[in-house]
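Both complexes below contain chain A, partnered by chain B and then by chain C.
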Partner chain A sequence: MGDIIANRGKLFFKVNPSLKFLLTSSLFILYLFVHNLNTMIWASVFFLVLYVFACGLSGKWSFGFVLLTLILSLFSASAMILFGKGNTVIFHYSLIMMTQESLARGIMLGLRTFCFSLIGMVFATTTLPVPFFYSLMQQLKVPVRYAYGCLAAFRMLPVMGEELGHIRQAMRVRGMANQHGVKAFSNKMIRYLLMMLAQSIRRAQRTAIAMEAKRFSMTEARTYYYEIGWSVYDLYFLFILLITVTSGFICSSLFPVTPFTNVLDH
Partner chain B sequence: MSKGKNTILNLTDILVTIVIALVFGLVFRLMGPVYDLVQPLGLHLDALLYGIWFIAAPFAALLIRKPGVAFLAETAAALAEMLFAGSGGIVNLYYGLLQGAFSEAVFAIWRYKKFSVSVVSLSAFAALIASIILDAGYAYLPMLAGWNLILYLIFRIIGAILLSGLLPYVLVKGLEKTGVTQSLRPVTKEDYDVLDK
Partner chain C sequence: MMSLTNKEDRWGVEKLRLAFPKKNTMLFKDVSFHFEAKEKILLLGPSGCGKSTFLHVLSGLAPKSIELPMRTKWKRIPERWGYIFQDPETQFCMPYVDEEIAFVLENRRIPRVRMPQLIQYYLDLVQLKLQNSHQLIRTLSGGMKQRLAIASILALEPEILFLDEPTALLDPEGTETLWQTVRRIGHDRTLIIVEHKIDHVLDFIDRVVLFNADGEIFADGPKNDILTRYKSKLDAFGIWHPDAWAGYSGRKELQNTDSIDRDSPVLTLKHFVVYRQKKAQFTAEQLTIFRGEWVAIIGRNGAGKSTLIEGIMGLLRSNGQIQWPFKKPEDHVQFVFQNPEHQFITDTVEDELAFSLRIQKLSDDEIEHRVSRQLEKYDLKNERLQHPFQLSTGQKRRLSVASAMINHPDVLILDEPTFGQDARNTFALLDLFQQLQNEGTTIVMVTHEMEIVRRFATHVVHVDGGRIIKDDCDGYKQSGGAEWVTS
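Moving on, here comes the complex of A and B:
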């Protein structure tokens, strides 16, 4: 993601990755129990603000992502909007029955997906894999074998990409690219997957043996090349997140935009 | 030879599992937008595709056949999808954790000795149950109109069995021909019997 990420000096890059990970994942639990549409609307507004200031993407990419996510989130809510349960009918055509309740519930779902995508994007673009896994080992005590395994696997990604290109070229040379139809397509897909998987497994095995020889899975008396610690930025992060979440709740009780305070009622 | 040694994951198992999970994490990431785009068609064709998200656990378990592999694979795939900034972000991790745990439980019931199509499909089905449990809370699944919900569930079951029950089985059968699986599986009694002949 080298050139997509614009500014590595942003505050969120300096936050302890484990703390960032734990706090952002706890947001899921928190919003699972929110059934108030107003809260979700205000939360989306505030998370959008957070996203604009904190996201690691450069401007053009960042705007495109918000637009795409908003559209996809509304799509993901379409089933609930069109086919949900409810009493006050707005629109009825054969099987489609849109009610006020289902519309509110659908928007709620769409905004939920939207919020979590934004949060996920902020996390993904401000967290580099190496510090993240080092921090998991040091702060969350994830076993060294798993963390280094993940890091080694991430290093294999470019090779996999290259390999995919090779397979595609080999198929083109042998005329497989010209074959059409469902059977040829599934045959091609299975071949792609098999070749990628077989090569990846072989490579993973060789790497694991080499790592074992270097004592990568040793647990006692371990030293780390990178020491990930705590800093004042972690406090800033905690405050920013707290303000974002609480202002969503406060605004929803002060300025309710819709009458739907519990979308589960009908 | 002690019996326990076969069932402990070594670095090779872990790395192979994680690399597989990464491959599937990429697949999940690329499938995400496709899944979202199919949704507005309304008839829940998206539910047919949902099954692909359960594939990492049964596939890895079929390949390595040791305890913990299924759970690790599904969780790592979800983590990878999250780090690739897939749609839904952090939510994926919870789904991955629960689906992995349910998949793993099915293999554990047969004590990691039976890996037939039916057991693999059952493991995909277990992952499906996990996803429905989470969807009931997160996506308000019970709030869909009755016929729609039933259609949804049927499609999801078909998708899960096809994409995460049969597909991994076919793939692993294909991989067995390439010979890479031989060095991954724990040594069985038959392997030792061959030596005595």
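Moving on, here comes the complex of A and C:
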């Protein structure tokens, strides 16, 4: 997982992870209450720009992800566009009815999905798990047992990936891969899930015992290998986000691209 | 006796009683054991006698972290101890080497500024030489992981080290380095070791404790006394001692060339290239395997042994010519993974055996008949309804071979089948493979164990750097053997 993150020197890597976490989650809430299509359009533009500059992925992956997000957004938009209610009908064929209002609402929904994915991705690709959980413990006072529990779980992700490979090989060797049909497929999926679950429980148990054998205590005070503090980068981050968000709002009132200022109204 | 038990550096249990939940019999009944500072103790016993559980009790992990119903008349658990577990994968909770040791230092509330220096100090103690200590743990080899585990345990500054078969999942090279490390760091510490490969352990321990199958201690004393007096017991327990092989092969003539049919090849490779992640990893210009042979594929770590057989099995992409004399090779060729757990895809021993038969849609009577016979033959009758993961190491291996053999394949391909097995299980497996070979099955196995190559293989393929560097159809013995280089 760590291999696809290309450039760890970028500015957003140096921002305090707790601050980054709180601010990005508040952005989600903010855009949940935006019903102005113009604002959403401009916000998408600005967040795309931010994403291009701040994202921690290498070029190829980063482009691939934008493409994937666009497709996802189209899906979430299409349901609203094709079956929504409204007065001005643009297109009608049997069950499908497209109206101007539903089109606006659909685009709104699609862009919201798009924005949320971009914001989430900017956060996820510039935040490494270890500093993130250390920061949660130090700044947000998250109990150590959750933080270290999550870290131990992170360590198991690549192991689980390997295991998936093993099960796939076992299925082939044992002749299950040659089985076709719905029943065989569902059987196979159940086997996959059960095996992964059984192995994960066993591993988690062993790791927990090993952690306690290393005198991990859920209640006592501890020191920290990484001291996650504040820096001038946190201010930069705050400014960049503020500029991105406000320029979206300002542009939408100065250059409204569509007449839909409240998609819920019509 | 009682007056002694209050001495400062003397620990242990008296009249320990312990049972596993849902089991009728007690694992330990009134077991007493004491140990003192600086002692080097080896616990031996047949598999399943509860040695690991005993270590859990002595360290206090049971019942504190592992909840087990137990009772003792007297017990004194040391304060400063460290525990090395069998599985290198599940001992760590952080992604990087330095963070893992730091985790222990954090637990001990060592100030942050002292940590980097201490991390380097503990890595040096186990001679784990890394260019940068901020390295991903999963990029280390098994042996390096176990040494990291020791380094992180040393960060606890323990007086007593409990080692629970720390080399069970390591190759011979990793095993040797690990015991050298333990020997060095254990010099002024107390060591309590559970292990069944005792070659490397014997010269630095001074006390041996023998358990019997009922979890009773029946002998406890200085190393030399115990080992000479109870030598026959070591074989019965399946302990790998220096004379284990001699005791086994003394019984009969082993190498079997009568079953080989040189007119009927079962596998022919020509210009066979195996790819891993789109890169050519193995090239076999020419290889022919005949019916009834016992083929050993040998070579150093990373030489490409597993790549070759996974390519043959079609688990990796390959190019070139591969010829079986069968219409549907998958019905005639079976594969057994190195880790038997990777083989299992059902929830009971019975289902595991019946799995491929059900795919072939055999009648229930036929399935029942074949499964029962296989349970009998592979000594798994009493485990019929157990989950495969709950079996012992030896039983897991037998089950994986039994389920591969239930269809009477012509060729059985195995990746290090004796890896991690105790001597008794290994010898039982070898007997079994030989019986299969006598019945006409072709055996192809990757192995590190030169004793097997020397004693059983009729055809040795030596692999290095992704190529076959020597292909000897007459086996090891006939060709003199001296020029074979082992890892």
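FYI, the second predicted complex is superposed on the first by the 261 of 266 C-alpha atoms of A that agree within 3 Å, B and C clash if a C-alpha of one lies under 4 Å from a C-alpha of the other, contacts with A are read in each partner's own complex, and residues count from 1 in each chain.
Here is the rule we go by: contacts are C-beta pairs under 8 Å (C-beta built on N, C-alpha and C of every residue); 3 or more make two chains touch, one makes a residue touch a chain.
What you see is a predicted model, and the numbers here were worked out from it, not measured in a lab.
Chemist: Identify whether chain B and chain C fit side by side or clash on chain A in the overlaid structures.
Modeler: fit
Chemist: Let me test your reading of the model: by the given contact rule, A:Val130 touches which partner, first (chain B), second (chain C), both or neither?
Modeler: second
Chemist: So in the superposed three-chain picture, is A:Leu197 touching just chain B, just chain C, both, or none of them (first/second/both/neither)?
Modeler: A:Leu197 contacts chain B only, not chain C.
Chemist: For the overlaid complexes, name the partner, chain B or chain C, with more touching residues on chain A.
Modeler: After superposition, B is the partner touching more of chain A.
Chemist: Tell me the contact category for A:Ile250 with respect to chain B and chain C: first, second, both or neither.
Modeler: It touches nothing on chain B or chain C.
Chemist: According to the stated criteria, A:Ala213 is in contact with first (chain B), second (chain C), both, or neither; which is it?
Modeler: A:Ala213 contacts chain C only, not chain B.
Chemist: Can A:Pro158 be said to touch chain B (first), chain C (second), both, or neither?
Modeler: After superposing on A, A:Pro158 lies in contact with chain C but is clear of chain B.
Chemist: Where does A:Leu11 make contact in the superposed view: on chain B (first), on chain C (second), on both, or on neither?
Modeler: Neither chain B nor chain C is touched by A:Leu11.
Chemist: Once the shared chain is lined up, is A:Met176 touching chain B (first), chain C (second), both, or neither of them?
Modeler: second
Chemist: So, A:Arg222: does it touch chain B (first), chain C (second), both, or neither?
Modeler: It touches chain C, and chain B stays clear.
Chemist: Using centres of C-alpha atoms, tell me the angle at chain A that chain B and chain C span after the overlay, to the nearest 10°.
Modeler: Approximately 70 degrees at the chain A centre.
Chemist: Classify the contacts of A:Leu109 with the two partner chains as first (chain B alone), second (chain C alone), both, or neither.
Modeler: The answer is first: A:Leu109 touches chain B but not chain C.
Chemist: Quote the smallest CA-to-CA distance from chain B to chain C in the superposed model, rounded to whole Å.
Modeler: 5
Chemist: State which residues of chain A lie in both footprints, the one left by chain B and the one left by chain C.
Modeler: 129, 152, 154, 194, 198, 202-203, 207-209, 211-212, 216-217
Chemist: So in the complex, the part of chain A that touches chain B is made up of which residues?
Modeler: 24-25, 27-28, 32, 69, 72, 75-76, 78-80, 82-85, 95-97, 102, 105, 108-109, 112-113, 116-121, 123-125, 127, 129, 132, 145-146, 149-150, 152-154, 156-157, 160, 190, 193-194, 196-198, 200-205, 207-209, 211-212, 216-217, 263-264
Chemist: Which of the residues in chain C end up touching chain A in this complex?
Modeler: 59, 61, 64-66, 82-83, 85, 87, 89-96, 98-99, 102-112, 115, 136-138, 152-153, 156, 310, 313-315, 330, 334-335, 337, 339, 341-347, 355-356, 359, 389, 403
Chemist: Which bits of chain A are touching chain C when the two form their complex?
Modeler: Residues of chain A touching chain C: 2, 129-130, 148, 151-152, 154-155, 158-159, 166-167, 169-176, 178-179, 191, 194-195, 198-199, 202-203, 206-217, 221-225, 227.
Chemist: Flag every residue of chain B that touches chain A in the complex, lowest number first.
Modeler: Against chain A, the touching part of chain B is residues 10-12, 14-23, 33, 36-37, 39-40, 42, 44, 63, 72, 76, 79, 82-94, 137-140, 143-145, 147-148, 152, 170-171, 174-175, 178, 180, 183-184.
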